[in-house]
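Worksheet: the structure to be examined is printed underneath.
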Amino acid sequence: MSAKPSGGILVTGFDPFGGESVNPAYEAVRLLPDRIAGRRVTRLEVPTAFTRGATAVEDAMERERPDIVVCVGQAGGRSAITVERVAINLAEASIPDNDGERPNGTPLRADGDTAYFASLPVKAMVRAINDHGIPAALSYTAGTYVCNALMYTVLYLIDRRFPGVKGGFIHVPFAVGQGVGKPNGTPTMEITTMARALEFAIEAAVGADDDADEIMGTTH
Amino acid sequence: MSAKPSGGILVTGFDPFGGESVNPAYEAVRLLPDRIAGRRVTRLEVPTAFTRGATAVEDAMERERPDIVVCVGQAGGRSAITVERVAINLAEASIPDNDGERPNGTPLRADGDTAYFASLPVKAMVRAINDHGIPAALSYTAGTYVCNALMYTVLYLIDRRFPGVKGGFIHVPFAVGQGVGKPNGTPTMEITTMARALEFAIEAAVGADDDADEIMGTTH
Amino acid sequence: MSAKPSGGILVTGFDPFGGESVNPAYEAVRLLPDRIAGRRVTRLEVPTAFTRGATAVEDAMERERPDIVVCVGQAGGRSAITVERVAINLAEASIPDNDGERPNGTPLRADGDTAYFASLPVKAMVRAINDHGIPAALSYTAGTYVCNALMYTVLYLIDRRFPGVKGGFIHVPFAVGQGVGKPNGTPTMEITTMARALEFAIEAAVGADDDADEIMGTTH
Amino acid sequence: MSAKPSGGILVTGFDPFGGESVNPAYEAVRLLPDRIAGRRVTRLEVPTAFTRGATAVEDAMERERPDIVVCVGQAGGRSAITVERVAINLAEASIPDNDGERPNGTPLRADGDTAYFASLPVKAMVRAINDHGIPAALSYTAGTYVCNALMYTVLYLIDRRFPGVKGGFIHVPFAVGQGVGKPNGTPTMEITTMARALEFAIEAAVGADDDADEIMGTTH
């Protein structure tokens, strides 16, 4: 715990799951530049797996000592970039993860809080993406699969061991190519557009001392 | 805290909000029978208001000492009865409540946990509704408006003052009549169908010692 | 052709298809009363099959000499009762019909028009359903499967052999029970609600000399 | 009518309407190259107006004598590129056009057929777009607004005066920037992606002697 924060930014993206041949999350992350707002960016592909995913992000946080951690995952069916506001202490897998693990309603950390809010300035990030003409919104559920698990892990680690780090999660839609053959009405987004959105969001995260005061709630 | 639980069931439903002339939540609640699974049912209409809603449910819990508390609200746009699994300590109102209050990102209880999971057997309730031929699902977000606030309040009170009480929240779709003039694709449900679903869910809540072990997670 | 119209109403509904165990179309039709607006109602279940369906409706039109013919089918995924405005001379089956027939882009009638508009007062019917608090809308496509085929057949027969008859098609959503296990967001409707909507629509069809003049177009 | 076809391709796109500040249709059309599959491409912006739009396309067909006419319009809310299969002889405007005209259920051409099928090889065009990894589908309704009107006009003119010309209509989704502030779930597409899709579709239209024999029907 004595090591000082590096000022760097860690951005993770999942590998493919659920029968898809690509995961736009890491495809977008890999397009990020080496520096954003003057900070060094470390891009990390993490496995879509409860146990190995958590280990991978923990190892990277140890090694890189980032100031900012943004995890990115695919939310097929959503139309906008969604910045997650909360992660819950629950693992319940509607499909097995890439290691065949399939937890059913178990806590992610026995000693963790029921939930953690993202410590990123989530509203400022949403506003920054929208200001650049790309649809973005807050989301109040990251699900109960590995996306939520990774977000929860990051926020738990920040709470226990990395105070002051800004961490959270961003969901991206299906990539355009994934929309072929899916039902009419399935939204998609270009991976290059996702990468631009991630960059705008991270710039906002670097720049914001406090979060935006815009109201972004939802009735349900 | 010396009073003993009554064995009764408290069911609340909100009054209309957001420009709608009815709220199917209380319309369905008022159709519930006086007893479900042998237990007495108290039906309560609560205002769609952060402060008065919380006071109303707290007063009723004090007065009635129910074993089970089920709050019901409208989630316009959802197609199924959704049983909420988690409430978060956040009030952020995209529209003012019925008293004109419009919190922007404030905690509901300064000393509350970040979130509480429903203490109802939520999966058994979902399964019971589906088994009777009515679409139902778990939900992992009750939003940030008065629905989440009421659910959070009930679970906070259970945690602090009413141990052992089973509490939680159920969202219902728009009623059929509310669908007139709304965009194509807006799902609706008959209020009588909602009432039947609530009764099946409450029966399951009375009967279940443990929750069902079916996996009902979601990838996002 | 010498027989005079009977003043009666013929209402058809399809049997189940596409892996569903019920078809709400005929389930709703069978609930219709024996008389609507003083006219005798003949209810007919027709097979979900291009050839036998057409034969069944033609036989019934010969036999019953109805003034009004309303065919009813299921449009799973739609939320409202939709009154179809146009049928096209095209059979293209994304799934085989109940007889295993699977036409691929063939005309329904070699000597038929490219399309026929419904001769029912479709707007008055939509308005009547909405006025009774049930969501309804015009639709400008009945698809390319047996629903469109039956509607086209009726309108072709009216054009060639039964002048003055009011004919057309109404699509109904999935029934409530069909929604169980389908994706979140799949709209459903009670079969009793569908039956009420059909009755209101048919009353309007009996009563209307001209169609309503409300604008009900769509940009796409 | 003695003039010979030029071998050229006419592609039209509408100007903005309905409160939007851009129309992705013409934005995509303007990005098309000067030649596709060796044929000269004429790009034409047409007004979103029943009368002036029809005049504009008729003048261009007279002047350019194209072999292929592809009109492009916006279908906000659709997720895929949709190639329209049929246009109907009906003008019914849910909102006024850009000249304030608002027809209510009138025929587009008093002496026209009830409908015309596109004379383009629509399935080959859909397949070509999908083969390049961009979601595309057939559509069986172009609505009742100016998109349908323009498509109908082109096909009527082909039927009466320009035999052998391949004509039809392609709908594109909202552009990405239009999605900002719209409801969650509103699909969008990059204008550059639309332009690529249009180019693939037009290449297919040039190359196809007959249409693809893939089944692309819809149950409703």
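Note that the chains take the letters A, B, C and D in the order they are written out, and that residue 1 is the start of every chain.
Basically, a contact is a pair of C-beta atoms (placed from the backbone, for glycine too) under 8 Å apart; a residue touches a chain by one contact, two chains touch by 3 or more.
Worth saying up front: this structure is predicted, and the values here are computed from it rather than measured.
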item: Any chain in contact with chain A as well as chain B; value: none
item: Same-site or different-site touching of chain B by its copy chain C, using the half cut; value: same
item: Centroid-based (C-alpha) most distant chain relative to chain B; value: D
item: Repeated interface matching A-B, over half of the contact pairs identical, chosen among C-D, B-C or A-D; value: C-D
item: Chain B and chain D: spacing of chain centres that average the CA atoms, whole Å; value: 48
item: Approximate Å spacing (C-alpha centroids) for the pair chain A, chain D; value: 39
item: Residues of chain C whose C-beta touches two or more other chains; value: 78
item: Graph class of chain-chain contacts, one of line, ring, star, complete, other; value: ring
item: Which chain pairs touch, all of them; value: A-B, A-D, B-C, C-D
item: Chain A residues touching chain B - in the complex, by the definition given at the top; value: 18, 73-76, 78, 85-86, 88, 90-95, 102, 104-105, 113-117, 139-145, 147-148, 171, 211, 213, 215-220
item: Contact footprint of chain B on chain C as seen in their complex; value: 78-80, 130, 133-137, 176-177, 179-182, 184-190, 193
